[in-house]
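Look at the two complexes coming up: subunit A is in both, with subunit B in one and subunit C in the other.
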Partner chain A sequence: MYDFNFAPVFASFDTLLVGAWLTIQMSTVAMVIGLVLSILGAVGKTSGPKPVRIAINVYIEIIRNTPFLVQLYFFFFALPALGVRLGPNQAALLALVVNFGAYGTEIVRAGVASVGRGHIEAAKTVGLNFFQTLRYVILKPAMRAVYPALTSQFIYLMLASSVVSVISATDLAAAGNDLQSQTFASFEVYIVITAMYFVMSLAFSGVFALIGKLAFSYPLNR
Partner chain B sequence: MIREFGPNEVIYITLAIRYTILLSLIAFAGGAVGGLMVALMRVSQNKYRRWIAMAFIRVFQGTPLLMQLFLAYFGMAILGFPIDPWTAASVALILHAAAFLGEIWRGCIEAVPTGQHEAARVVGLGYVNRMRHVVLPQAFRIAVGPTTGFLVQLIKATSLASIIGFTELTRAGQIISNATFQPFAVISLVAVLYFILCWPLSKLAANLEHKFNQATTR
Partner chain C sequence: MKIKLLNILKVTLAAAALSSAATLPAAAAELADIQAANTIKVGVLIDFPPYGILNENNEPDGYDATVAKTLADDLGVELNLIPVTGPNRIPFLLSGQVDILVSSLAISPARAEKVDFSNPYAAIRIGVMGQADLDITSAADLAGVSVAVARASGQDTTITEIAPETTEIRRFDDDVSAVQALLSGQVQTIGASNTVMAQIRQIAPGRFDEKFTLNQFRLAIAVSPDAPELLAYVNEFLAGVTASGALNEAHMQWLDEPLPSFNE
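After this line comes the complex of A and B, so read on.
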């Protein structure tokens, strides 16, 4: 019978907490930059000139039809061949942003498509310019419509970010790998790490639900 | 000595795609059986069954697949089995697929109008016949598109098995990349191969969903 030995894992629990904080930081930064990229992508795909639309479509199809791990290897191992040398954390962040951007563009685009033609024409009629229309008439209701999809994509990003430990970027999974090689309590380390990811994903769902209530609670029909 | 990145290397990587396909099929087949069970439990009348299915889905959708793979890998040793990447990767991916397919299919079963359940009950069909002949065939039609979409996710997910030492497409690429020092060419080739595998399926999934939406909205 196997003897579970959790003592060394909890003895170094603070290093795991540091790792968890790094994961939260990395995924949050990736989400914020990725969201900006998604909005630009969605606007470009909806109202950009044809070459821009084609370029955005190619980007989306490439990212969505290749594994994140391969994208990560590309940015870390293959880019130096083109003269771009990135540290593990930079490559990890870039891969997360580029990955999130592709899925986010499609999500935001769906939201933009849900805004009625009439609203946009009405905005034009009352004299709003392009950016005012975009900001108040298109993006606000669009973001409200796709907010749940965006938040679940973010949680997916946070979980997928555990993979960046394989290029020696520092995060929760990397902290787990270090602890595992010191204590040899592999199963115990990974069960604790898995539980920490689980708590983080639950916490993020809760926080997002709260933000959604605060930001999108304006009345819809008046 | 540094190996050339020649035709043999390209063939080695390209042939490794069969392990990616095989692992995807194992995960999909196992995941389909598990997913059907999870979906049926999720819509069951019995609240404990619903709770168990919900907890299963929550845990597997709320934790990283990489950790699930590590736990399957090291968990095998604890259960007294010899450590083997094939079994560990299969077990982890089957459970992962079961959770996701279970949740997708639950939505499809619930999308079948309640009138269909009720009518089947009124004409005297029991649970098994009701599900088998009335509800599931209709849910199946709804499910084809999203399920194909998930298959793409699953194929991509098998790349993580390379981390626990399973030699599929990604790991074959890594091996050749380490031997030839041509990471750019090798990783690009690997990405292209995944793309060739996934893109037609993605297109198919999108078409199926589009067709279905057109057929049901009027």
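After this line comes the complex of A and C, so read on.
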């Protein structure tokens, strides 16, 4: 039977915390930028001119039909050939945003499609302009309808970020791999970082539940 | 809500405990187990040419696989080559997923605490290679310079130890990614073995040159600490094939040079 020895893992626990913090930062920034990208994508796809709709469709199909790992390699290894040199953490963030944008666009678009035509016609009738209609009549109920799907995609983004260590980004999985290679306490390291990812997922879920409560509980408290 | 969450947590923990109990490692096989099973499961690298590669039939091949095949023939059992990677090879051995590692594993004191090493069966020189216009002749010159290494490799350990604080060590999962990072200009230098450096020279002639030598590593076959008889058998086998010249022949076949001397 394997003898578990967590001592070397906890002796270097601070390196794991540094990695976890980078994972949290990278995921949060990717979620925020990715959400903006998704909303722009959804609006463009539903009400943009034809060339924009085609461009967005091409983007979605390319991203959703290729592995994230390959996209990551592209941003890190292929972009320098085009003269754009990103550090590993920046390339990882860009890949996460671009990847999330494709899935998020489809999710938000589904929400927009769920808004009844009559609501939009009513908004026009009462004299709301395009942006007012978009914000109050379309996006708000649309986001409420797809919020659960969006948050699970956010959690998936955070978990998927664990592969960015392949381009030498310094996230939690990379810190775990480094520690594993120094201590050879592989089971212990993986158990600990699994628990850390689990806790981080729960924490993100909690924050999302709170945001959902504050932003989408109307009209109950209005 | 509170109770519900607690329940979910309990179920999750129970599931985790169950699955870990199911997958956790039986001890690795001893010589008698291998003979009884009539098969030896050998962990080999497939991303470390010419020691470990995939051949045109998509099967593991290379110097390590040749040594493994000779060993299996010597034992008179079937050979089952199992691909492993640099970071996961020792966990594979300790969890009993392979019986033995012939995976270009360099002897090091830290590794020797986890696995038992045989006598060496090959040696690799590792060094730092970098862009030709960089003026680097020693580890001290690496200050402020980015170095790509394969995570958990010998060059990773050595460079981490001797490089100045300001050296930016970028760890990749394998040599292929590290070389790609060098070729695409993401890093200025790479810590790599003589064989990888030869490949880089071939792919991009003149762009990079070898700056300095880091170390020579003696590679050994590794067995689980629970298998002293297997270790004794492997050492006897190695002495035999070294004396007969079979090991040197395999080395000539894959590396185009005779077996280096291990006694340094």
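Observations
Just so we're on the same page, the second predicted complex is superposed on the first by the 219 of 222 C-alpha atoms of A that agree within 3 Å, B and C clash if a C-alpha of one lies under 4 Å from a C-alpha of the other, contacts with A are read in each partner's own complex, and residues count from 1 in each chain.
The criterion applied here is as follows: contacts are C-beta pairs under 8 Å (C-beta built on N, C-alpha and C of every residue); 3 or more make two chains touch, one makes a residue touch a chain.
Note that the structure is predicted; figures quoted are calculated from it, not measured.
Per the definitions stated earlier, placing subunit B and subunit C onto a shared subunit A by superposition produces a clash between them. By the touch criterion defined above, A:F216 lies against neither subunit B nor subunit C after alignment on the C-alpha atoms of chain A. Of the two partner chains, both subunit B and subunit C are touched by A:S186.
In the overlay built on the shared chain, the residue A:L159 is in contact with subunit B alone; subunit C does not reach it. Look at A:F74: by the touch rule set out above, it reaches subunit B but stays clear of subunit C. When the shared chain is aligned, subunit B comes close enough to touch A:Y197, but subunit C does not.
Shared-chain residue A:P88: touches subunit C; no touch with subunit B. The partner that reaches more residues of subunit A, of the two candidates subunit B and subunit C, is B. In the overlay built on the shared chain, the residue A:F208 is in contact with neither subunit B nor subunit C. When both complexes are overlaid on chain A, the residue A:R64 reaches subunit B alone and has no touch with subunit C. When both complexes are overlaid on chain A, the residue A:A173 reaches subunit B alone and has no touch with subunit C. Subunit C runs into subunit B after superposition on chain A, and of the options 81-89, 99-107 or 189-197 the stretch responsible is 81-89. Residue overlap on subunit A between the subunit B contacts of one complex and the subunit C contacts of the other covers 2, 77-78, 80-81, 165-166, 186-187, 191, 198. For subunit A in complex with subunit B, the residues that touch the partner chain are 2, 61-62, 64-71, 73-74, 77-78, 80-82, 155, 159-160, 162-163, 165-166, 173, 186-187, 190-191, 193-194, 197-198, 201-202. Within the complex, the subunit C residues that touch subunit A are 12, 20, 24-25, 27, 87-88, 90-91, 94-95, 110-111, 113-114, 148, 151-152, 156, 170-173, 177, 180-181, 184-186. The part of subunit B that touches subunit A in the complex is made up of residues 59, 62-68, 70-71, 74-75, 77-78, 152, 156-157, 159-160, 162-163, 170, 173-174, 177, 182-184, 187-188, 190-191, 194-195, 198-199, 202. Interface of subunit A with subunit C (complex): residues 1-2, 76-78, 80-81, 85, 88, 165-168, 174, 177-178, 180-182, 184, 186-187, 191, 198.
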